[in-house]
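Across the two complexes that follow, chain A remains constant while its partner is chain B and subsequently chain C.
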Partner chain A sequence: MKPAIASRLAVLLLAALALIFGTGCLDTPDPAVSHYILKCEGGTLQLYLVSVSKVPGATAQPVNNPINGQDCSVSTELQGRPLTLSEAVEHNLVQGGFNQPSTRRAASNSPFSLIDTFVNLVPLPLGPPVTITSPGCNATTKAYLVNHTNGTVTAVGTCPLSILKVIPVGSNPLQVAITPDGSTALVTRYDNDVVWIDTNTDQVTFTLPTGGVYPSGIAISPDGTRAYVTNYFNTNPSLLVIDVVNRAILTTVPLGGAYPRSATITPDGSQVWVNYYNGTGVDIVDTLTLTVAAGIRFNAIVSTGMAFNPTGTKAFIATSPNLLAVVDTKTLNTLATITVGSEPMDVAVTADGALLFVTSYNSNIISLVDAIGNRLVQNLPTDAGAMGLTLIPAGLH
Partner chain B sequence: MIPYFPPPVFHIGALEVHAFGVAACLAILAGHSLALRRARTLGLDERSMSWIYAGGAVAAAVAGHLWAIAGTAAHTGPFEIWSGQSAAGFTAGALLTILFILWRFGPLRWRYLDALAFAFPFAWTLVRTGCFLAHDHIGAPTASTLGVRFPDGTRFDLGLLEALMALMASLGVVLFLPRLKLPGQMSGFLLLLAGTARLFIAAVSESSSAFTTGFGGVVLTLLGVAILASRQRTTDAGSGRRRRGAGDAVGRRIRFEYR
Partner chain C sequence: MRLAVLVAFAVPASIFAQRPLVYIRGVVNGASYMAPGLPGGAIAQGSDFTIFGSNLGPASSPGLAFPLQNTLGGVSVTVSSGSTVINAIPIYVSPGQINAIMPSNTPLGLASLKIVLNNAPSNPVPIRITDSSFGIFTANSSGSGPGILTNFISQTQQPINSLQQSATPGQTLTLWGTGLGAVTFPDNIAPTPGNLSVQTEVFVGGKSAKIAYNGRSSCCSGLDQIVLEVPADAPLGCWVPVYVRTKGTHVSNFVSIALTADGKPCSEPSNTLPSALIKGGSIGMIMAARIAVHHDVGVANVNDTISDLLGAYFAQEKPGPFNFNPMFSLPPAGTCTSYTFAGDFPNSPGFLPGMTPPTGRVLDGGSITISSGGTPPANQTAAALAPGMYLAPLGGAIPTIPGLANTSFLNPGSFALSGAGGQDTQPFQATLTMPSPPSWTNRDQLSAIKRTQGFSLTWTGVASGQTVFVSGGGVDLPANSTGMFLCIAKPGDTSLTVPPDVLANVPPAHVRLIQSKGAVYLGQWPIASPVQFSASGLDSGLLLGVEVSGKTVMFQ
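Right, the complex of A and B next:
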């Protein structure tokens, strides 16, 4: 029996619909095959999400990530092309070992053969990378700058400004602090060392291995006997207490959050305030009992600059995206919030405690704040996002 | 490696036709023609076969579309079958059609299914060729010679891989046709091939639907094995009865038609 006309027509109609409207099975790219790429553009890093698409020229969408804006100008070979995670780690642009293991299949010569899930990257906690030997402007006053990607510390004469010496300290140096007497600079190296530099000779005099601790932020007590170093890691985050004179680790203080970043010591040396990468809180370590005695929680990320006024009654804490919180160190209450530039980085208070400066990474300004009246005085323009700030009170810088 | 090419588009007057549309259209027509041809060979009612095919194709397309929009939350109507298809949904629709045939066509049910099974791999090859031409299913990164140099890196094109496997299944169906004489054997054999192919596709897929693809592959494979085993058992039992001189009319007719 011949097939019915109606059924043939139904099949023909279906075929015609397929012919006219059939463009493909899927209208949109499958998000599961999207991936992240990290690009070095104009000397800074930017993270993108790329949707693998059947359409040529698929656009990569910028993704907000703390790694964006980080300096990558040290290597011309990185410029203008996607980096693999291995490359980023190799060039000390990001911290290795934190990222989730890749579930992607490897392919020997594919640009996507390595881990490309950059979304959880934690940038190394650069800055503040500069400090000075003494509060004055004279021939003996020197500033020390950490050159993270070069593995060096530069000794700079401040009056006049001149590079005195470049001191190799080893890979991944992060922060530098100088003892109150100005004789020694201590440099944290993320690669498990703290380095002593004699500021008279500008030579490395001692390297203290820290084992499984990843040194990041550093603060030295007012009497110069102890250094407090944060362990910038997600397992066993802690504060390392170091005997500066005897060059030995005294003890470690366990901390509550992952990736403790910077340590700032109160003027009387009784407390060390610690902030965390992408954290919203500051933990206060009592230096007598060596325990976390208190904490402050904010409704914003507080992982960059902190400073105290000379009497230690106020703490000035930079909070993302653009505020400076003024905290009463006795009650731990926030006294005021002052709008400063976008992504405030470093906070420095003048010796008399009257003014403070806040660098802004995204706004190309340095905010000048009345530290007594808790108000913004002026925004000083800069050429680019600023990071790394120190004050020389008696001079012009 | 295969160089990337943009999905081909043709213009017939004012009508814009995509390569996928052409391939899908040819697949529907070729499948229908082959199913009718096979039905004729098996002595089946061509009118019923045509309706089964049309109904099955619509059911599979609608189920495939519903599955696709459920998975992607796309804002399209349930019957806009051209705006998104899912192989898992398509398979579900096809399985519903199989169940309908098994329920509705009594002793001849396996022969109708076999006729569809014979036609399916050819239509499958054409449709998946269309998917490849549209670069719809982008797989895992690869350095294989079968990889396609997509704008964002070389990856498997799952449409191409499945089209190649469907082509092999088509050849297998033709080559094994003389051996697949028992009712239901062709259906079981085809399900086995399709399930194995889907399992392979799941292995080289990075898609969010990889699990569903793999699960569907397992289901189809097991179903194919089960059908092959059950058909073999039924025939063995029938042979036993026949040895005792108690063969049934349907059994005789089937044996005759499969000669």
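Right, the complex of A and C next:
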């Protein structure tokens, strides 16, 4: 007898409820949700965040921003009307722009993400399209956005969408990962350190200098005790192993290629998969012996995006120019290659392993892929090329 | 420096392809093959274990002689634990599989295993070493189904227990397996027989058996024998569950034996499903199932789902001593069995693990149409997914989510079934009645289930002629492992207790529930007397309407 599975309808609904982060996705801001407004006051500009709550009336709070104080003659087209977060980002009203490829990729197995949201129409194969007007919403879920150019990390509330805090972390932050208990965000800074942020207070609580290491990619073990950080350099490329609890570097694993970029950890924590800038390979580091256990080579440049299904039996690896490779993690053979958008960047798999999303930097689409059948389901339109991506659980298990 | 970068990526892929590759999670007990992520999936000191991978060894395995060596056919196996490196003893090598003995002095706990083939090292993989973790050998070499137990008749007559050579209560059996634990003599010489000190128990149909011997066999390194007496009150049947428990808590894989009152070929009078497996013949079995699940664990919003399915199986079976199909080879009423496997069960194709192809061949029964009453009637047609096998969704609903269409189909009532006929069968018609489901009276009290305590279900309203079953299990997603159980209630019972040993290899839920799955199901089906249909080309046609209620739970 075949027991009930989570209904396929529920699975697809979960996918539809996933909040996908891209740039400039909402066509018009809904006054019923938080938005920005740029006002001219006394001849100079001031940006406000308008937070809409259940209490009648909206509150507007000034947002510290480089545009504040500038002459009202600039950005006239943006003044006086509600702006979505994506528009604010797009016009650099809120930092975290989309033009630095290496900076804003969220760890694909992290619950946190960046930039903006849109609610998308996802046709259910078993029925007509459903518009989700009231997605599941957890007011305590936050996303963290790395702003490479101004040395900050933005804490973004997801329910409702709003900027909670802009946290200075130091110059050239690159990537962020969250501990499994959600208590700490670790941020890599190319300028030789790793920063701890307490996610309850959104304060920096510790900075770990890494000496001659240039931290870039980061992955945190499932038990939250270890962080694996790539040394984005061509001399002595390596993977740092960091004790997250005691905030210390434990050891360094030599890697075989220059500029190791992203690190992605398997769901069981037994391996860290590392890719390289402009490289065609992925190295697999065994976390028990801290050695490079195996490697996979492709006939294309591997992009930043890698993700595993929840059982760790498949790896999904984005490669240039427009492909997603599906790799059997047992045999290390490529099971399938799926055509997605141009220059795929980030990959995120739904919690049930049924679907995944792939952003593309050079096309205005996010690809929705059947992660079990290894086939493209649909390309979802966006307003601009998207980079980082994460999914927020909508409450269905 | 840039040149160095180019050189680094000029390494041909073929070099990586030729290195031995040990599959991640590919090191398992040599008898049970239990998934390493499950509680019983560790490798015992002194046991025979199996390594799966590719390019592991030569095409043929050299012969063996005592004393066994650390290298066989150019293959060596090392196990590293901290600074300690132990050489395991290979006893069989091939490109895809190695069997070896884990030395009795291997340190306990997490270790790293790798093999070296002709000086080429493999990747390292993590494994767990334990003091005892028993696996029972099985006739189908899968870790489930009929176990390798021999019926003692005389010193010269000890046939392997089978459907045709059953055992009787009170009879002495020898059970074969590996993983009782370490020995005090070297592992690479002929073993010295003698009871090992590890506490060892065997349960037959849930009844504790008397043990006469538990230790190494005299013939072979790493091979254990347990000599037991079948309990006098053990239930009879063709697939009576048997398992071994060591140290009071470590539970082996569950296997089955055939037990009768007289030692003759077994029978299953209360279960018509395996009739062809036992006697041979062609069978067509159609099952219409409603599975209603209450999801309230690990979710923000409670949901109820209804899934209506049509399944069918058309096959020619040949009689055989070790025929087994977990779908049909059920444990006796009043007992439970357990299945484990690598994978995420709800997302795996097919039914219960170990489902085997027919002993004969699949049959082409053509498409099957099911029609509900009403004007006009609603029809659904199912074509075979694979030869002889059908699984078609008929509809469903999630009533708790507004806006989703309700396409539920198998509402209580009558349905007409018709088979179009295929190359092996003629068309047929039959009528099926879907009964009202039983009422699971303590459903909402089951959320967190402590595996060490077991749990009970209570129900009312079982329709006449129905047999109640309880099933369920858990999935550890990061470890890609599933542990399941299946219990059959006695006729007339309104409660059933799932004992702790049956849950021992169900993986406990992660703190982050999203990394785990767990569910319990209560169902009824008319296995004793299903509706029968006739179709030329089939010796037996069975039609079952099945009602299942389920609930998500957390196994702890």
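Observations on the model:
We take it that the second predicted complex is superposed on the first by the 257 of 397 C-alpha atoms of A that agree within 3 Å, B and C clash if a C-alpha of one lies under 4 Å from a C-alpha of the other, contacts with A are read in each partner's own complex, and residues count from 1 in each chain.
Simple rule for what comes next: a residue touches a chain if its C-beta (ideal position, glycine included) is under 8 Å from a C-beta of that chain, and two chains touch if they have at least 3 such contacts.
Here the structure is a predicted model, which is why all the values come from computation and not from measurement.
Of the two partners, chain B and chain C, it is C that touches more residues of chain A.
After overlaying the two complexes on the shared chain, residue contacts for A:G257 are found with chain C alone; chain B is out of touch.
Of the two partner chains placed by the overlay, only chain C lies in contact with A:P180; chain B stays clear of it.
Touched by chain B in one complex and by chain C in the other are residues 1-4, 7-8, 10 of chain A. Interface residues of chain A, counted against chain B in their complex, comprise 1-4, 7-8, 10-12, 14-33, 35, 50, 52-58, 104-105, 107-113. Residues of chain C touching chain A in their complex: 1, 4-5, 8-9, 11, 13, 16, 19, 21, 23-26, 37, 54, 80, 110, 112, 123-126, 287, 289, 291-293, 295, 297-301, 303, 305-307, 309, 311, 327, 343-347, 351-352, 391, 393, 396, 398, 401, 403-405, 407, 469, 471-472, 477-480, 512-515, 519, 521, 523, 525, 546, 548, 550, 552. By the touch criterion given at the top, residues 4, 6-7, 15, 17-18, 20-29, 32, 36, 45-47, 49-51, 53-54, 57-58, 61, 68, 72, 74, 81-87, 130-131, 134-143, 150-155, 206-210 of chain B touch chain A in their complex. For chain A in complex with chain C, the residues that touch the partner chain are 1-10, 13, 126-128, 130, 136, 138, 180, 222, 234-235, 256-259, 266-271, 278-281, 284, 286, 288-289, 291, 293-297, 310-313, 329-332, 351, 353, 372, 393-397.
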